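Each of the two complexes below includes chain A, the first together with chain B, the second together with chain C.
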Partner chain A sequence: MWRYTLRRLIQGVITVWFIATATFIAMHNVPGDPLSSDKAVSEEIRANLEAKYGLDRPVTQQYLIYVKNLLRGDFGISFTQKNREVNDIIREHFPVSATLGILAIVFAGLGGVLWGALTALYRNRLPDIVIMFLVILGISVPSFVFAALGQLALVNLNDLLGISLLPVAGWGTVWHMLVPSLVLGLGTMAYLTRLMRSSMLEIISSDFVRTARAKGLPATQIFTRHQLRNAILPVVTVLGPSIAAITTGGFVVEMVFAIPGLGRYFVQAVQQLDYTVIMGTTVFYGAFLVFMVIVVDLLYGWIDPRVRLE
Partner chain B sequence: MSEVIPSNDNFTTSAGRQLLLFGLLAVAGIALLMIALSWATSLTSSTSGAVEGIDPATKTITLVLAEEPPQLNSTLATDQVSGMILGHLMEGLLRYDEHSQLTPGVAERWTIGEQEATFWLRDDARWSDGQAVTAHDFVFAWRTALDQANASEYAFILFPVKNAEAINNGKLPVEALGVTALDDRTLRVSLERPVAYFDKLVAFTTYFPIREDFYTATAGRYGADADTMIYNGPFALTRWVHGAHVRMEKNPYYWNSERVMIEVIDFPYVTTDPNASLNLFKDQKIAYTGLIEENLNEALVQRWHLHRFIDGSIFFMEFNHREGHPTANYHLRKAMQLALDPAELVYKVVKLPGYLPAESLFPIWLKGVEHNLRQEYPPPQVALDLQAAQRHLALAKEQLGVTELQPLVLLSGDNPLSNKQSEYYQATLKKRLGLDIRIDKQIFKQRLAKMTAGDFDMVLAGWGPDFDDPLTFGDLFASWNLNNRGRYANPELDAQVRIAQNSMDPRTRMDAFGEIQRILIEDAVVLMNYERGVVYVTDPRLKGLVRRAVGPDPDFTHVHIQEG
Partner chain C sequence: MAEASQNDSPLSPDAFDLLHVERRVQSLSRPSLSYWQDAWIRLRANRRALISLYIVLGLLVFTLFGPLLWPVDPSAQDLDQISRPPGASRAAVIVDPYQPWDGKSFSPMQAPVQTGLRLAEPANAQAVRLLWDPMPGAAGYRIYRNIFPMNPGDALGLPLAETLTGADTTFEDRMDLRPRRYYYTIVALDGLGEETKAMEMLPVEVTRVITLEEAKERGLVGADAQLVPGNAVQLALHPLGTDYLGRDMLARLMYGARVSLFIGICAPFLFVLFGVVYGSASGFLGGRWDHLFMRFADFVIALPFLLFMILFKIAFGIGPGESGIMPMVVAMVMLSWPATARLVRGQILQIREEGYISASRLLGARTGYLVLRHMIPNTMGVILVTVTFAVPSAIFTEAFLSFIGMGVAPPTPSWGSMCNEGIKTMLTYPHELIFPAVFISITVLAFNLLGDGLRDALDARMRSRE
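Presenting the complex of A and B:
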């Protein structure tokens, strides 16, 4: 177990280094100049800027400096926010994205398992048909549509009631989180529902469930211990990547609901060719994704004793 | 599942009940989790902007901020949002009043001569900690802006000050700058050349004062947060949660604070999404929102009173005049000029509310000697004339020695508006002149890189003013101007720009601008597209909002709340 964990961690570090290097190479080959702006600057001012960001050195040297700083956990200073450190940006905004993401994944996970179990239980009957229709909708409609619709619904709801029941946008209280996280988790919830349903149906017709029934075990025990627990495994498998996808994919939702998350900085940095912020956020998110996958793999062994972690 | 499993209703009911129980547990769990998360976030940041868009009791107006200011160090600021916020927090020697006219700011009176300018500072100008604003604060700020280590992109705007350019190029130390504090309240500026519009320059952000002791104490973080700044304007920044919340409160130390009728300007929302802004306005959470085309219908349904205004920027298609580009040929440019019509582009293609067809590089709002420049110097009219266009085209082909022109490359942005424009050019020039246009669509930074490198035949470009003088547009196509991306070089035009730059006589200067306007149109240096417009709505109780083409915009300094 410990050796397995250690091995996975070492693999993880190598993966992150690979991500960092690939991003560095890709970024320096993207067309465009990070220092250009609307108004042209003179050679001298440009040289001043290049010196400030170390872009006047050869690329190999830039890479070495970058890796050295990375090892010290220093991502440098943003190109667009000229006196903010990338570390500060991540530290201030990741918690917001993470909060939104955790809540969304909880919605998605719990919702997916419950709806999936329900549809399997009532297969081919009304609840199944209705929910599966909604699931198709949830999978095919992108989150920015849900975000816009969700916000519009809030405005109309508040208008109808004549009071501000839920805030339309902003961040800070528990009420600000509810709708954005639901919207963010909706796609994953739909996906997990389908996964849970098929997994559940497979379990229902398996031999051990038949045996359990034949033994005359109480229905609740069969359902919870034999069916749910086994059917949930595939859901846990995809949960890790989903967490990363949700936490990093919140850009549109963050923009629509004016939430100060990291997603906005991530996307804007790419548009602005803000080298340091691109590198910082990519490496950070890369490390985060790798870590989540390791955690889920470890969790897997804990949920399913049949899986040996060697 | 092909295998049919006999359904057992008893099992289903019992399992369903079990599931319901889990469901209820899940809801309870989520509720608990949300409370925990809410508590956790309240420790790091809280954007409790739950008040209404307008609160007469506390004299607060609430607004949405389109973008987070990158930072608020006035020597480094380049973007419009920073300019707007700094315009509320700071005050230069001069400022813009509610009619957008220049008015005394920190300086009580001033004289501008051919070689030097003198500013006498008012004795009641104070920083937000109560200390007096002195002439030394301006000296320090201007030196900082020009310091190479500071790498300010707007350093060039200080170049009329003696030795400024040499300092910025590292040839002279910052102490050599031609600005001295004769005493605490007298600022003497030596000028590089006569600068008739120097009073207009000193109202610009880069000329704002900074107090040395405070700046030094922030150790390079000046303007990064609310507590690393000090203010001498009508408002002070009391809160800045990055990406989330900017709050300005009335600065009691401001010398003219009696005239400020609002206590708080609050921006608890930061989003570029125009629909989010509209929804917040509908929910009465904000007092102002800009409108985009798709939202106009909604605004009409709601029977809101729409305001429109020209934001000052002008957009055009720039030709590449470098050797080897067919667009360096006068007749080819002239053919295109005569085959295209800005009014057609604006009213039939762009179709955005508030936009005006542009007739000249000088927008309609610029002031001339007494009235508007455009009234005093009407631009030469260019009418659609396809026969003349064909004649010019034939001449162009003859001079270029070709029977058929290679496709021309039109460099364009990647936004919907640029798409519409470039397609209009492509289709119209093909139909009317048989010219082939290849659209080169690029992301913002790459378009800039290609513009600088001269890698285009034609490019969609625009220009926004920095100061309230026609020169902010007038020197754009001078041969030495770096923003002259097509490298147009015409000694006749250069001479007129020199006159406009160096003369102190308003009439002589305006005559020069009239000439520049004539040359630009007659020589078809650029083809004009449009003057950008903005449509917006405000809460009807919000009075005194100022929009302007030059200077902080929108300006909330003079707003008040009308009750009842």
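Presenting the complex of A and C:
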């Protein structure tokens, strides 16, 4: 177990290095350069700026400096915001995105398990048909459409009630978080529902459930102890990819709901071609996602003793 | 020995002739079905998948042949019809060309109100000419325009202008007038330029107008049409309305479908092709090469997909006049192939051990023959299912990137970029968001259901439990 963890961690570190290098190569192949702007600058100012950002050195040296700084956890200084460190930006905005993402995962996980179990229990009856129809809808509709519709619904709701029940955009209180995280979790929820349904159907017809029933255990106990616990396992395996989906889905939701998260910041940086911020956030997100996948895999081995990790 | 037995034997060669040939007594055989024929029969039995297949074909017809039936330029602007929902009235009244107003001449106006704030002339999209009675003590007036009806205490809307003396009691509004209802408010100003409580409000219905020359120029009426001001003409038809720049939604949806479906079909096709080559090479070479190939695939698969899509999109850049479609396809291919490669490698490793491969090899088949005759046809089903499921995710990716402004460059329409534009006017003109969103959703839905059906039809082992 420990050896496995160690091996996964080393693999993770190599992957992050790979991500960092790919980011570096990609960003250094961008047409144009980070210092070109609308204002014409004199040669001396340009030389000074290049020296400040280390752009006057050879690419190999720049790369070594970049890796050294990354190892110290330093992502550099923003190009468009004077004297703002990328680390500060991440420190300030990532907690917002993380809160949103965790809430969305919770919504998606609870909803997916609940609806999935429900559809399996009521197989081919009305609740199953209705929920599965909604699930197909949830898989087929892009997240930004959900975000727009969610916001539209809020506007109409507030209009109808004549009071501001839930804020339409912004960040700060729990009320701000509710609808955006629900919207963000919807696609994943639909996916998990589908997964949970098929896993639950498999469990329902398994031997140990029949044995439990034959023993005369009450139905609720069979449901919670035997069916639900075993059916959840496949759902746990896809939590890793789900975290990735929710993280990137957050870009759009943060944009639409004007939430000051790292995702919106990243999209802005991309639109303004803020090189260091793009590189810093990409590497940060990449590292985050790589290690979340490792954590989920380890968690899975811990939850399901049948998966023996060597 | 052989000779001896021949001599000793009482059997002559004709003893081995058939006594009689038994005709088929009964036949239980049906014409044998190939794998694909069988799959097609099973797919046809699946109603959902079949309907999805028709939808996909319909979308292809829509985007390939639609522009032939509806030859409207998707980037041409119709400035008289901006953000028109489908089915809106297209009637426009012919008027004389615009003449500057001196603020004194009034055309005869049969308005019910002849005092207070009123129209000096019928209001049309060329100009709204307002006239009001001087208010006692006013040193000037400020004119506001709002597009929403106001309650007492609400903001009055857009401040348009101020007049400098209390005697100036006319105003002409020509600013970006649309055929709709406006609410004008006149507030009296005191000597210091501060607003007083004295104000008047007037709702104005602006009519859509067009000059005769313009109508002729656009081919709305014949070149020799004899129309006088006051006659009505029908403006150009936009079956699904227009967007915020007055571009035809139907034409944009058709061309947007080209972009979205091209990316959605071409990119999966290419990366699956690459994945098949890579995966079968890896599986076939085996050993150290296999290990090396798969390690590399592991790293590429660990890259966060959308982040690197964005990164590659930036790195490739979009030159002036380019649409940015090809960079997106290339980036997608570069990032998406490992999943297919893994899948195909697994299949090849499995098939390599099958009995029929050994049999074929025993009969002297060469490697190339084995791969082409046995391995690739037998992985084809899995590959086809992968492509079908890759299409919706590619369409989603394109829409997502276009939505955050990292997709195709304007003015090239794509469903995602149309959504991005539509979301800005979502509250007032929902059709600009709803149409592209519905198209994306239907396409993704159809490909998902078709993928389910194909998986059930092609691969018994992967059959879903539904």
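Things to note:
Note that in this section the second predicted complex is superposed on the first by the 301 of 310 C-alpha atoms of A that agree within 3 Å, B and C clash if a C-alpha of one lies under 4 Å from a C-alpha of the other, contacts with A are read in each partner's own complex, and residues count from 1 in each chain.
One rule holds for everything that comes next: a residue touches a chain if its C-beta (ideal position, glycine included) is under 8 Å from a C-beta of that chain, and two chains touch if they have at least 3 such contacts.
All values reported here derive from a predicted model rather than from experimental measurement.
After superposition on chain A, the partners chain B and chain C collide with one another.
In the superposed model, A:244 lies in contact with chain C only, and not with chain B. Looking at the shared chain after the overlay, A:145 reaches chain C, while chain B stays out of its contact range.
Touch criterion met: A:155 reaches chain B and chain C at once. Of the two partner chains placed by the overlay, only chain B lies in contact with A:52; chain C stays clear of it. Touching more residues of chain A than its counterpart among chain B and chain C is B.
Of the two partner chains, chain C is the only one touched by A:22; chain B is not.
Within the superposed three-chain model, A:83 lies in touch with chain B and out of touch with chain C [touch as defined at top].
In the superposition on chain A, A:267 makes contact with chain C only, not with chain B.
In the three-chain superposition, chain C clashes with chain B only at 434-442, the remaining stretches of 434-442, 470-478, 488-496 or 506-514 being clear.
The residues of chain A shared by its contacts with chain B and with chain C are 31-32, 148, 151-152, 155, 201-202, 255-256, 271, 273.
Of all residues in chain B, only 1, 3, 5, 10-12, 14-16, 18-19, 22-23, 26, 29-30, 33-35, 37-38, 40-42, 44-50, 64, 68, 70-71, 73, 76, 78, 148-156, 168-170, 220-224, 241-245, 268-273, 275-276, 279-280, 282-283, 285, 442-446, 448-449, 452, 464, 482-483, 485 touch chain A in the complex they form. Residues of chain A that touch chain C in their complex: 14-15, 18-19, 22-23, 26-27, 29-32, 136-137, 139-145, 148, 151-152, 155, 198, 201-202, 244, 247-248, 251-252, 255-256, 267, 270-271, 273, 278, 282, 285-286, 289-290, 293. Put simply, chain A touches chain B in their complex at residues 31-34, 36-42, 44-45, 48-49, 51-52, 78, 80-84, 88-89, 92-93, 95-96, 99, 102-103, 106-107, 110-111, 114, 117-118, 121-123, 148, 151-152, 154-155, 158-159, 164, 167-174, 176-178, 201-202, 204-205, 218-220, 222-224, 227, 255-258, 260-261, 264-265, 271-273. Residue ranges on chain C touching chain A, taken from their complex, read 299, 302-308, 310-312, 314-315, 317, 319, 392, 396, 399-400, 403-406, 416, 419-420, 423, 426-427, 430, 433, 437, 440-442, 444-445, 448-449, 464-466.
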